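Chain lettering (A, B, C and D) follows the sequence in which the chains are written, and residue indices restart at 1 in each chain.
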Amino acid sequence: MAQDIGVIGVGMIGQEHIRRLDGGPGGSRVVAVADADAERAAAVAGGLPAAKALPTGEELIASDAVDAVVVTSWGPTHEQYVLACLAAGRPVFCEKPLATTQEAARRIVDAEVAAGRRLVQVGFNRRYDPAHRALKAAVDGGAIGAPLLVHCAHRNASVPPHYTRDMSIADTAIHEIDELRWLLGQEIVAVQVLAPRRSSRGGELQDPLLVLFETADGVLVDVEVSVNIHYGYEIRCEVSGETGTVQLADPAPVHIRREGAVAGLVPADWRERFALSYDIELREWLDTLAGARLPLGPSAWDGYAAQVVSDAALQSLHSGGRVSIELPPRPGLYATPTAW
Amino acid sequence: MAQDIGVIGVGMIGQEHIRRLDGGPGGSRVVAVADADAERAAAVAGGLPAAKALPTGEELIASDAVDAVVVTSWGPTHEQYVLACLAAGRPVFCEKPLATTQEAARRIVDAEVAAGRRLVQVGFNRRYDPAHRALKAAVDGGAIGAPLLVHCAHRNASVPPHYTRDMSIADTAIHEIDELRWLLGQEIVAVQVLAPRRSSRGGELQDPLLVLFETADGVLVDVEVSVNIHYGYEIRCEVSGETGTVQLADPAPVHIRREGAVAGLVPADWRERFALSYDIELREWLDTLAGARLPLGPSAWDGYAAQVVSDAALQSLHSGGRVSIELPPRPGLYATPTAW
Amino acid sequence: MAQDIGVIGVGMIGQEHIRRLDGGPGGSRVVAVADADAERAAAVAGGLPAAKALPTGEELIASDAVDAVVVTSWGPTHEQYVLACLAAGRPVFCEKPLATTQEAARRIVDAEVAAGRRLVQVGFNRRYDPAHRALKAAVDGGAIGAPLLVHCAHRNASVPPHYTRDMSIADTAIHEIDELRWLLGQEIVAVQVLAPRRSSRGGELQDPLLVLFETADGVLVDVEVSVNIHYGYEIRCEVSGETGTVQLADPAPVHIRREGAVAGLVPADWRERFALSYDIELREWLDTLAGARLPLGPSAWDGYAAQVVSDAALQSLHSGGRVSIELPPRPGLYATPTAW
Amino acid sequence: MAQDIGVIGVGMIGQEHIRRLDGGPGGSRVVAVADADAERAAAVAGGLPAAKALPTGEELIASDAVDAVVVTSWGPTHEQYVLACLAAGRPVFCEKPLATTQEAARRIVDAEVAAGRRLVQVGFNRRYDPAHRALKAAVDGGAIGAPLLVHCAHRNASVPPHYTRDMSIADTAIHEIDELRWLLGQEIVAVQVLAPRRSSRGGELQDPLLVLFETADGVLVDVEVSVNIHYGYEIRCEVSGETGTVQLADPAPVHIRREGAVAGLVPADWRERFALSYDIELREWLDTLAGARLPLGPSAWDGYAAQVVSDAALQSLHSGGRVSIELPPRPGLYATPTAW
């Protein structure tokens, strides 16, 4: 069944998602947009065959024309829009982060639990990357025995001048936080952030970082976060288990022999590396809305849990020590295996 | 603009394409189906929200409800349906082969030239595989200098009992024929098929084959065609140029270390290997119908030229010698660079 | 100039080295052997063209027939033999560890400094592995900018029943300790050992471990030590620098496609993986004895420093916390760049 | 038992082998050298601890001081020295080619057969490369079933101005000729040389070539010979069998991530790529002389057979057609399995 979608926040990522949603899989259409910048909303709506610009996100959420909502506005506004969707009974896809504080995320979880049904999906796109899915399939299939250690690297060629040390955790490592919870099917119970020698490429920025996570079952994870590594954008992960390991392969589609080397090209940025994962993420969300029995996507609980871990990591980054994490019990609404 | 599509032939590949077309990119719908097996047509139509089963392909083509046609019927019927589409002025996507004889393919070319506009696209999906596109981009971008030699392998784990020696050319190597013409931007001017020792796995079937192609510019290509190689499905290609080479990388998304080896999984068959290329192929076809200025897909001329080369290869397979190929001049309708 | 070598300790590793030394590069011969097991000494001598069995290591060291000594006896005896060599002015190649306590290693350093010339080489064979040399060459050549982070894995398929948790550090990770000092050209200033979930394959053994090292310049290193990982023996290392990374490639010489996978074989154990490094190590030692101006091999200082770091790692393993390391100043005897 | 070696021809390759032989494995020494250039012979002898320069190769062969002879002189002189060694009963290692005509090679075979024992080894070093040995081990071990097709590439970055088209066969592809006979354990029964578009980098030189070989069992082989490919030196080989394939892996010891690519370095030339194979080749030859029961190295028959195939390939290169090859029966002296 085709879906009529409203999009709140039509900046870069919003416009990218609109491209995927309008006339996209399942015959969905974007029928309404809203943005703090009314001119931008009007311009984007004008470029779409069936969309109106509405003055506010709240009016969009209330509109009868809208079957489901995508929230791609500025992070601090996520809470209000997601809560409004829950109040209106609208399915909502909210880009990460679900909220900018764990308290705000918790309020969303509580509201959804009170409503009694799952309406919120958070935009953790790693779970839709075919390579990450193959990684999880190998782990879940028992190819390597029980996982014991994980090594990850999250590398950006460069970051803009306004990028801060805290963003290495809250905006960057947040992806690994969700990925690890999903990949291992466990909560993270402790975190420690270590700061090695600083790269001269990042000015005063503390870059890179090494983030250590411990899971409920005792799996130990180390994540290199490098945000100025110049050579390109790369995501790496190897899981070491009792009898073997599985790791992401280099994604280069061809190997070129020239000038004394055999080389595969590295993506320039996350858009290039993960374009397909966004396609799949939104297609599966639309399919789920249309009634397909797919594994549920990242939930409000996942968004909340990630926020709690991210906050703990920030605390460790500031204090230097290991920080324990205690999540409240997971509500029954999120207890099904599909929650992962 | 959303497209209403009619599909003629709803066997396996037809149903796969319907899955991509109905409620697919651009808001397209499948509104009509036809099949030699009327019950199957009815069943498939019954499973779609907006489709009717029509008694014949001709009636489907004539229907005002249909914006464009997909032909996925039995090969020998392709000619009649494509010619009917041309007569009706309907855009048509015809699965390969365009026709089962070069004479039939030529009749289609002539009809399209007479009609004076490009309506036909042939389903050579390799051109839509991201890895093959990266291969062509490297060649076209000058990374390896002028191409001189190409080495390909086309390997199937196994083939059904009815598979014949001629099918190694007409059904299997036909993909390399189109790929090489597209990749190198040149016609093939000679072909020779060599038969090595026969695999004991194929019974009486002459398998594998080594097919040599020469292009207009003198590029020499050798293609291993192995259709019973057991280990899996794999497509390989390396282009050797004046200053380097470029080749397809292994597509395995993860590497697993277990039992004494580091291994990447090989796809079981072409469906697994090329699923994404079919998605892109049909999405771009729909986008082109909707007016997007994309490079044109494989044309009737491409279908005809591939058939001529395939026929020459069959002649070589039967006679053992090198066979020269002379194509008639390419009509102006197909002269634009987008034709590749 | 050919060298006449005496070997103290003719167990497995001793006999392997004899095979490399007798009639080996530079025309060297093994002319004397000694072993706590006199029968074994006699048997080994009997199998060599020019060797005598001597009753004790001390007599071997004192023998005028011996140009240089190789110590491959039981670890706790290393100190006495190396000190005797220093007293006698004999060049000595001592298998790792130089001594089993840092105090013993320090006594050797002091004796060599007092003697005023470099006579001792320690058997850290990683420095002679062509892949590790290529790794260091890339780092030293500036290919990746200043190193900031290092990720290593040291994996054994299995260990014998008598293997203890402490041996994961003192016998296994000791190789990384020396490798990192050599690779980065810096001392290690702190260490912390973390214990993840225990592999069920190792019984009561705490396996794997994650060892964190910090160097004088602030490079942060994490080392996975897995000694029961079943799939094979593997050594991995990636250095992340300011502008890129360099890592050891898989050493498999061929890739086999069969049974649904593309696979490279993994070595079964360290003998298979590092055979060539031992060849080069002893050949270069003999060449150095013969006067060749090669970079000096691992020194008594290197053996001492590794022991100090290993002791600190054991302390962390037992206590759980981060342990700082303060080495005394490096004596001038070891100050030349060739010391690395 | 240590061997005293005489070396005839002390140009570049002669001097490289002397470095491996003098004071090399097994305690061998170079005790005599001879060269057409007497001054060069004297200079080389002067740099060795135990060598005399002798006026002629014949005198060297006759000298009682010499246990075995290495012939690294100019190709056209090989026949006379090898025949003299056979007459004198001296083991001889002759660099490839065994002789410059098949008639000359045949005279050597006949002389050795008449002498009734194997004294001649030919310097086909590929058989000693660990990667090529792993390739053969996989084929012989049945990992891929019976071999059916082989694809090789032999690439040089550049060749000197005096290099001719015929040398692409007689000096370059000769390595593949021996390798294929050894790898497959069969004689080559036909050859055809095809010339694609010429690289503009080689001036008037016909480069590259594609050489097709057929073996007695019907295995079909294609070899790309590119001698001006600029990017580096590379040897590739993939054997396709009934159930899988095996191929040489890239030999790069490390992978470097920088400037938008993941890259492995390619060797600059054959010296860099095959240094280890020469070490092993001469060490095993010395070990065989000393009585070790190793597989015998490439024989005079191998040298002769390679020459016959090379001549046939040259005939095809000049005539353009397929050339059949009929070897005379292999003499019983070369019948043992160790001959491969």
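Convention: a contact is a pair of C-beta atoms (placed from the backbone, for glycine too) under 8 Å apart; a residue touches a chain by one contact, two chains touch by 3 or more.
Note that the structure is predicted; figures quoted are calculated from it, not measured.
> Comparing centres built from CA atoms, which chain ends up most distant from subunit D?
Checked the centroid distances; the maximum from subunit D is A.
> Looking at B-C and B-D, which pair shares more C-beta contacts?
Pair with the higher count of C-beta contacts: B-D.
> Nearest whole angstrom, what separates the Cα centre of subunit A from the Cα centre of subunit B?
Chain centres of subunit A and subunit B, defined by C-alpha means, are spaced 37 Å apart.
> Measuring centre to centre with CA averages, how many angstrom lie between subunit B and subunit C?
Spacing between the chain centres: roughly 57 Å.
> Between subunit B and subunit D, what's the gap in Å when you average each chain's C-alpha atoms?
So the centroids are 44 Å from each other.
> In subunit A, what residues contact two or more other chains?
230-231, 243-245, 250, 252, 257-259, 264-265, in rising order.
> List the residues on subunit C that touch subunit D in their complex, please.
Touching subunit D: residues 1-2, 23-29, 49, 130-131, 134-135, 138, 143-144, 243-259, 264-265, 276 of subunit C.
> Okay, in this complex, where on subunit C does subunit A touch?
Contacts found on subunit C: 145-146, 148-149, 151, 153, 155, 194-201, 208, 210, 212, 214, 217-220, 222, 224, 226, 228-231, 240, 242-245.
> Can you list the residues on subunit D that touch subunit A in the complex?
Interface residues on the subunit D side: 230-232, 234, 250, 252, 257-266, 268.
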